[in-house]
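The following pair of complexes shares a single chain, subunit A, combined with subunit B in the former and subunit C in the latter.
Moving on, here comes the complex of A and B:
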């Protein structure tokens, strides 16, 4: 466990010094900070929806980019610079290396979400007055969404190059966001044959369902009302954890066979 | 405890080329035995397969055929890594960390806890002469300082076996001497050292045994003295009468005589005294006795060129 955390710590230290990630974070923080200035453009209760949606949108976008950019190069860079040789020649199991990398990535995401969350809470308080628990829940959901995405990217990075990984994980993220509503649409349409429907159903089940996490965003999901908040939170977080665990196991199995 | 530190049995590593490229046997049927407590030089030109062999020993890559054992265990078992250490070729470390931080990081990988951890890190920084630069980031270190941090990370677990891949490549001569002294010091402590090199420097000269690898195949193996045996001694004498030549010729070696001037090229095997006795008894006058030793360079060049012609 010691080794895993040492690797996670080193990964975090390296990630927070990566210029591109810091630029994304700073730009996001800046946009969130000035978002209350948009208030006059929406009348009455609309202002609340607009500001919260906008903030969530920025945070989700930043989290997505950070997760993808950080994780595509994490393992390939270690191999390219050969830093991994001295690590694997110590009493470190390969699964500990993968786990350490993932925990480092999640730690970095946690740090980024904390920063963005604090600024978001300050900005929304200034604009709307008062504290909205919806913001905290939303932040939690998007944090788990990014963590799941990080696991997807890390998984691909054990066997494809960073460039291919951008497209693969970007594609999986988009599909995982859109497939479930696409499936609902074609299920409502009686003209769609099972030959079309079944593959879509299959993909929806296999690919990670990123849409689950978007419920807190009133613009992306305006019609969805949560009947039981707690059940939703537990289910979604549970889903993320189980899916992440599966991806990590698969990553470890592939990485074990890998030559460097 | 096994007396063999490293053993490979018919070890072959084949890199299957992508699309157009032919598969390469980076290492072919290698049978190696390194004894505990020795300094073993693993020599060969660039591309000979030295790094490939080392990576197999560490479990960074896997053998295509054959087996490899380190300290009696199958190669690559992380539990065995408590007792070994490795300095890669042109090592690179997380360069945002300071010297102290990187050593602390490696100590954590061994599960070394405080206060022992800080104590060991400080000792090592001192030992490799980096105490003053300890809190500077590695990105500000020179090549020689990076190499010294590399050596320090090798010593953090007080290993029984050190595997050093080209430890002197790209360093200045003073640094070569430093590293050689450190290696001798480690041998005195009973450590086993496995050192690869493509060039010969002061470091390789301290090896007890060397293997020479060429294009994945081991072409020489032995104790340095044995491999370098077969030097010769040249004796030059004057005023030597013709009748002294025959008995000298019978001792073996190359003999030539012109106008009383004798030149004898005699294998370095103790018969030189006899040559001198014969010359003096015959009234000759010895001008010079000059030994020509074979060097590791000679052996290296002969071996590699022999391999090329074959």
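Moving on, here comes the complex of A and C:
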């Protein structure tokens, strides 16, 4: 376990030193910080909608980019630089290496979400004169969304090149954001035959569903009455953890069999 | 090594099944809480259409809404409509857009004399219906729909069901609950109005003394309850003030003074000031159906061939007279049909309280030898959305309304031809 955390620590240190990730973070922080400038454009509730939705949009986008850029090159770079041989020649198992890399990535994402979250809360308080604790719920769900995406990217990075991984992970993220609404649309349409519906249903339960984490709409429109909100959040977080575990086990399986 | 791999494979299968089970539990809740309940006209959800803006969906909607506000302020009303469509696609849970958009369609398209283009009202109702389907768990849009019927269409019978739905929501603003009692009263359901005021009064009594607002609510409800009972006693109790009925001696004439300009005048024997006669000019045999189901799908296109004008004429010294100029708004009054009906109506339900004190709010205290008629009305059936927080009893009642209300009104219809209105063959077009 010590080896896992040592690798995680090193991965975290390496990630926060990566200029591209820091640039994305700084740009996101700057944009969130200036979001109160939208306030004069719309009065009252309109201003709230603008500022909160903009903040969530920036954070989600930054989180997605950070997860993909950070994790795509994580394992391939170690192989390319041959530093992986140094690591694996020590008493470190391959699964510990994969786990360490993932925890390092999640730690980095946590740090970045913390930074963006603090700035977002300050900005929204500056603009709206109050602290909305519901924002934390949205941030938590986005953090789990990015962590799941990081696991997807890490899984692909065990067997494809970084360039292919960018497109593959981006595609899975896009699909995972669309599947639920697509399934809901075809379920409501009585003309859709089971031949079309069943494959979509199967894909929805097999592929990682990123739409589950997009809970920002009721926070932006607080009049909405939600049903079993806590149960939904708990199940969705549980889903993220189980799916991440699934991807990590699959990554270990592939990485263990890989010739190096 | 092989044993380890088989364990990993077993772990993968188990985790895959667990996550599938979780996803199957999450999906119904996601549909209920987060999915847009209505697809866009092209049959796709906003996520599918606008994946490019992914996380910025609501932000884009908010920006467009601000832009729409700018169009509204500059009087460019036509430009607001497509903005409304875009904003509600992007963020179907923004209640302000639905309520303000419906108000905009219902009230703001007017002619040079500030008469509403009533062809937009079915559109406003359809827009609100879409909003309700997307936000069934919120009371606001049910209330807005009720308000549209109550105030703009002046149809209290159809306002009642929507107000009843809104009233079932525990978080409804207290003062808004009063509208159900007002709607009951105007719809002629006097007992229901008294019952509702009494219930509201008892509710307010519980919070009395809490703060200024609670005390004010208590006072308002007490006054309304007392006034309603007193009005009913005066009008319908022993020795009613509405009897004997007064003879209205109603009549109305219409004269074309210039092409597309009508002079309407007539008499109505209401002894006090404040009475108003409604005049409607429309294509013969065509009435506007004020119902969300009047349109199959939502559209911003009005029937460009339909002419429909409605105005309200003030009665002074038992007479009314007005020149109605429709020549400056050819898009609103295209006059494409061959024949037109000019309908004059006086009905007591929306008359001022001093008039209702004499003739009753259902017209029992008025008489007319030629034009008096008994109107019978029943609310249209409403299919309450699945997720609405409404009791099963009310749901059943609204799906199959049986209660009919009646009231007296005077009504005269005059037929004109297109040639008459356009003065064809004379000095006209």
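Keep in mind that, in the parts below, the second predicted complex is superposed on the first by the 251 of 260 C-alpha atoms of A that agree within 3 Å, B and C clash if a C-alpha of one lies under 4 Å from a C-alpha of the other, contacts with A are read in each partner's own complex, and residues count from 1 in each chain.
We adopt the following convention: a contact is a pair of C-beta atoms (placed from the backbone, for glycine too) under 8 Å apart; a residue touches a chain by one contact, two chains touch by 3 or more.
What you are looking at is a predicted structure, and each value in this text was computed from that prediction instead of being measured.
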Touched partner set for A:189, first subunit B, second subunit C, both or neither: second
Partner chain in contact with A:46 - subunit B first, subunit C second, else both or neither: second
Partner chain(s) touched by A:86 [first = subunit B, second = subunit C, both, neither]: first
Touched partner set for A:156, first subunit B, second subunit C, both or neither: neither
A:17 touches, of subunit B and subunit C: first, second, both or neither? first
Partner chain in contact with A:102 - subunit B first, subunit C second, else both or neither: neither
Comparison of subunit B and subunit C by subunit A residues contacted: C
Touching partner for A:6 - first (subunit B), second (subunit C), both, neither: first
Contacts of A:255 with subunit B and subunit C, given as first, second, both or neither: neither
Residues of subunit C that touch subunit A when the two form their complex: 1, 4-5, 8-9, 11-12, 15-16, 18-20, 22-27, 29-36, 39, 43-48, 51, 54-59, 61-63, 65-66, 69, 91, 93-96, 135, 137-138, 140, 171, 387, 389
Of subunit A, residues touching subunit C in the complex: 41-42, 45-46, 49-50, 53-54, 56-61, 64, 174, 177-178, 180-185, 188-189, 204-206, 209, 211-212, 214-218, 220-221, 223-229, 231-232, 235-236, 238-239, 242-243, 245-246, 249-250, 252-253, 256-257
In the complex with subunit A, residue positions of subunit B that touch it: 55, 58-62, 78-79, 81-82, 84-86, 88, 90-94, 96-97, 105-106, 108-111, 153, 157, 163
Subunit A residues touching subunit B - in the complex, by the definition given at the top: 2-3, 5-7, 9-10, 13-14, 17, 81-93, 259-260
